[in-house]
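To keep things simple, chains are lettered A, B, C, D and E as they appear, and every chain counts its residues starting from 1.
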């Protein structure tokens, strides 16, 4: 099941390469829709009461290095897999509806990215995780570099180098973890479950945690480590950016829960305050930046920093409620930020600009577009009643009970979010339309791409318990490991 | 059907109406959307009555019913259900809300008829009602917050309904952001509650609170203060009130419904709902009462000088809500809720009448340009006067009974609470004055050209322009609508206004000291455990209070008559004499400027600072610095690669020398 | 004579050769200096061979001679080829490849 | 007696070496190297390496140096400007070379190897003579011997490649170098 | 006086013999036949037979000819690398002007001579055979570098390589002499024993000897600060030769480096590991920063080679079986990755007027995707991105480093990798993200660029894009295959480590 899930996108991508140019996108999209089907089956068949891995695959891969090909889903990864499976078809179909240069390569890269991302979420071997974590970047390098906007090559290089800084350090740390945890003469293993049972000395945990944290924080990105973000966001093609912001950023937060907390419990406790400070700084900084920017991509980008700050804060409340909220919020944020970027793409086609100053009045003749965007905006600002609110609620409850002061500061971010998200909506959809802006209703094809995403947002808003119920056992178990 | 089923129905009907209108926005012909909306709310009103009767059928101890649909978000020890609480307080509130809403929907069916966003308007309006009902019926803090935020959003959407006006979108934004600040306060309060009592459920919390907290314990005071942040943001109390006057950018029925009758009273409802907590934190309750009083006075004083018709009523709303806040904070729950109800009637009426006048003025709202509508708009003028009388607390009208009940309760409570009574009566005089300032400026005096035209049967048509900035309106799509509707010509408006006028006049009779105590009796179920709500003040004192109220009201009206009818020149003279005071009041006590300087500017400055300094220098500096170091090393390496083979040989020898040195050191 | 005399002499010759490589610019002379260095190595080998009473060092030295001869042949061949191409025979002028 | 011979040999070797790097005309440098090689051959004799000494004179000083002389004569005198284009080379080159020397000397004199301070052990008859060297080559170092011969072959091929005139290498005149 | 002919195991020596015979045949073949196919075919045949013999002998572990050589898996693995690289070089040299000018027979004979040197070097177990094999490796290369006699840079690179190379040889020789003197033997095993017996463990004589030898060997594998010949020579030499040098020389020198340091100097490893660690770190830094901003692809790969050598040195200096496994594995991966890149460079050098400049590959992704992919995969592999053999190799090396408490070197490797991304990705960006250049105009001045070798070659020998491209594809496929299924290669490499395990 998981093997198929992992290989299907790539297989479809390769097949797409052999197809005529026009068909490539549709073949790749069909593959990703297949993945979506599998993911739905996965969610449907998920045993919510268990906190262990399900559908495990565990075969030897590189015995010489102790690396195993171990996959599995638990509550932690289930919905992130589902998110990946959901947004990738959206981005692919959205792209397939448009004229793209060198479509075969484009869709191959998108497909590779999907496989790698799924791999990162499914991997249960530390090294396999690191491998997929790094591999994800490669297709994005191409996607941004070859199909991006102005300054794409420096931007994409900056992104990949910067993010690899963290993840390569993580490679060293992963190896060191395995080696240090292996008793003398024992067989080296990278299995996360096995490593969990041999906890390292506190001193080792400290520096290993720092390496892992660096990788995850850069990927998110968190405050001070987001230097790659602005340029990459400016340059990336929008469907790609949607995936970058919607899914890739989550891998970092996911890594904290999957790797850092279980393997380095003492270090996690030790660095809790530090990471919380970073998270809060991300929240405040991201929010403040988001309302000074006029480029719509950057508004969404900086808001992502803030949102990821919330997620990190939730994880590092080191409480089940906070962690549950964080996982829920990962899914939610992915689910809202993808439509945001796709809508920005639609807006760009109508206004020819991505600057707030040159946008406006779009709602006039496009009420459906406006309504879709409105729902997404409200979810983005974590309007109570949305699943995002439930996520933030859980995060803040956790934080509130762990570190009350941090919770108060974090709640400032909630208020700021309302401002920047609404500003984005208002200045694109409302006010007068400047010269050159063509208010045109969204086409039914694009609508069909966006509507399911928005429908998911609404459905989750009505019943967030659907996710919470399934993630709770595994997430709580991850946090409970701390001794 | 049980009371809770009716309550779910009350929730479902407006939501269904909203969605029906929204999804079918292209299908509904003519006024269909309006009628669907009105019908949905009307049915909700009927369902509310159903809930009321069912509730009255229960013994008074068992009038707190809960019901839940499904687990909304329950994990890791947190338990949140999609649950409602049906008790006298919520039923009372939903009755008021659905009742007034039905009439305002009815009014709107005609009033916004020519607006392009007709369906959108009713969809929003129905959604608002749904949100408000959700807020009222919520059985736990989370759902309360959801409803709380939904009404905030609905308010935003309706304020910036004419979204092509930049003033409207700005005002919407302001309202939304301030409301979100309130939401955050509420959320934090909920967290505190959860941390202390491990529950979000009202009944669990209230039952647990009494045993868990002792009076004026820091935590419970903090909870109450945070609740107050939420309440004050929503109810436009100082200093979070600045959005309300700007909210008048919305269509007039919106002002009537949201910014007068229903949403803005949510804060009052919240304090009443949370009375078990407030009674444990008297300090917080006192703070609330004083802020309420301050709002009463400040708002009334501003209303004296403002010339925008809707804004005068808006300040009046603030002021009246201040009374209610005082009431529920000092324990006069019944009186507070009573005033809430009567205020809903007469304030909605005032806005409707104002809407009719503004329509006649072709969207102009400045009372200085109005005059003499008495003859051209007789029905409107009549109801405007009825509303003003109720607002001024003219003896016999609804406002007369409800306001006095609060003030009498304050006086009776003793201690420093008499301040509220004295100041309250003083403010009541101002209220009476500005109410009749409106009446005299609009209905009396020289008829303005529009009034003249209307008498000859022509509706005024003006170049569409923004009433605030005066810039020409975007006529491309025709909102706020090329045609205007006045009550005299539109039957639905007339009916709605008539009903409210009646309610404003006689609504007070349900609760007359010594005669009837319907509301107090009904609400007992909710406030049974309250230490403060100890029944009604002595009838004698109550009548003394009524007398004082009557005197003050008549005095105020008389003064207004003197200034605006008998000696019209006196007002401008007074304005020049007291120019300092006038300027201070016209500038609304400089609250906007204060908030701008304290909150908005620093935040923007911080954003710019982040952008200019942190982002450019620190974050990018981190990148560029590293790149610079690498580049520098690269330059050095490539400079060393000079092409001179002898230099390469030298480096080889040097390298060996270094290596050899190391080995010699190791060996020794 | 003690063996270290020979060795110090060989070290001195080695260093002298190195100086020559570093400061001379004619490729011919540089090749000569490389010969000096290889010969210094040879001297050390022979000395050790004597010191250890072991002839492997001498074998090594003979091999080094062969190697030196081969280097010379190739080196001189290159010099001739460059001369024919009219490339200046000054290593400092060989700077087309750098950076 | 041995000491005198050593010093004469050492002086000759050093003198030759210094002359190689000091003389400005490559032709003279070649001649100085021949002096150096002869002196070295003398030292080899002192160390009982008769075969090596002979090979030194015959193969090295004889055959190889003749090649040098021819090439030096063929390419003529090469101008070496006094100006030093590499910054620091003139200072650092001797400095590093002396460092090299000092380190080697420390290694030699500082070594705890006892045998260094002796004249060497008594050696068997035939040590360093062609017969024993030959045996070594054909028994123990057979592979080395064969490899060396292939090396010579390859070097010869290399020389042919580089210096042999062929029709394709005709240099177009006036091409920049 | 009795002459005891040494026992010669002809089977084990067969690869060496085959190569020797091959040299002669190729040389003669070049004299007899002047057409373009025979000599390369003969060369390939020789290489193929030798490789076959190597594989036949795989698994043997024995001393040959009185211990001058040792045949074991390490030797054979390295020999196979050298043979593979040589075979590539032969194909890459089809139509190579250098081969035309120096005579095909001679050119290929020299190549085979160098390969012979490498095969011997990988087996050398004696100071003398070590030295002579090293020279047998180097001297033909000096010639081959300068073999494009028409190009001044080719000659320049030949002479530079010769001068610095001989200096390195002299240094190495002196070091070997000191070690011989200190330990009293030329056999690696006897040296290890002799160091203990003579009581010179940690003695300055031995240590300076090690320093000198390390300098000489580091020079051969391009470890900074002894690397400076590398970029110049790589750039100036004919591209097929550069490819050969980049891969084979490094492999062979590493082989002897391993054998010499682990076997002969194993007792001293506590003294030299830190020194080599510092050198490795310097190499990683210098190589990676030097490659930044290079526009000549060969030069870029030269610097990259310096950095890669630094990575590989880590495997050596930890002096564990894991380290040797990792090093051999990395060498194998490095071989296929580099060969793929060079093959593409050769083709573009002949097709465009830009030589090996990065302009030559601009827009390649659009015009010739089949050629762009091998280069891209090679660059991704060299950068150590997952899915390629480069990633597994780095993983292996880091594992070895961390296990031997050289975690900081592991960190150094990844930091180097980060820097390296900047230039590897630049190549990829040129391939996929930059439009191709139509005219041969200098972008800066607008002047017509001087015609480089490519222009002439097309008439001289043709591009031979199909066979070369196929090889590039093959190497790229191997890069990916062994990145996804690395175990066979790991087993192969760990045999090599096993061969030396007894000495560690």
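As a convention for this text, contacts are C-beta pairs under 8 Å (C-beta built on N, C-alpha and C of every residue); 3 or more make two chains touch, one makes a residue touch a chain.
Just so it is clear, the model here is predicted, and its values are computed rather than measured.
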Minimal path length between chain D and chain E through chains that touch? 1
Separation of chain A from chain E in touching-chain steps, minimised, is 1
Kindly list the shared contact partners of chain A and chain D, in label order. B, E
Most contact pairs found between chains C-D
Starting from the Cα centroid of chain B, hunt down the chain whose centroid lies farthest away. D
So which chain ends up closest to the centre of the protein, judged by Cα positions averaged per chain? A
Inter-chain centre distance, chain A versus chain B - centres from mean C-alpha coordinates, in Å: 37
Cα centre of chain B to Cα centre of chain C, whole Å, reads 95
Could you put a whole-Å number on the gap between the CA centroids of chain B and chain E? 78
Calculate how many whole Å lie between the centre of chain C and the centre of chain D, each centre taken as the average of the chain's C-alpha atoms. 5
Where does chain E touch two or more other chains at once, residue-wise? 128, 132, 135, 139, 142-143, 146, 149, 152, 158-160, 163, 167, 171, 174, 178, 181, 203-204, 207-208, 211, 231-232, 422
Two or more other chains in contact with one residue: find those residues in chain A. none
Touching two or more other chains, which residues of chain B qualify? 638, 641-647, 649-650, 653-654, 656, 660, 664, 667-668
Looking at the whole structure, which two-chain pairs count as touching? A-B, A-E, B-C, B-D, B-E, C-D, C-E, D-E
Residue positions on chain B within touch of chain A in the complex are 22, 25, 70-78, 80, 120, 142, 145-146, 148-150, 153, 156, 160, 163-164, 166, 169, 172-173, 176-177, 180-181, 183-184, 187-188, 191-192, 194-195, 474, 477, 603-604, 606-608, 610-611, 614-615, 618-620, 622-623
Once bound in the complex, which stretches of chain B touch chain E? 630-631, 633-634, 637-638, 640-641, 643, 645, 647-649, 651-656, 659-660, 662-664, 666-668
What residues of chain A sit close enough to touch chain B in their complex? 158, 162, 224, 226-228, 230, 285, 288-289, 291-293, 319-321, 323-324, 361, 363-364, 367, 371, 378, 381, 383-385, 389-390, 393-394, 396-397, 400-401, 404, 407-408, 411-412, 414-416, 418-419, 422-423, 426, 429-432, 463-465, 468-469, 471-472, 475-476
Please output the residues of chain B touching chain D within their complex, sorted ascending. 642, 644, 646-647, 650, 653-654, 656-657, 660-661, 664, 667-668
Can you tell me which positions in chain B touch chain C when the two form their complex? 638, 641-646, 649-650, 653
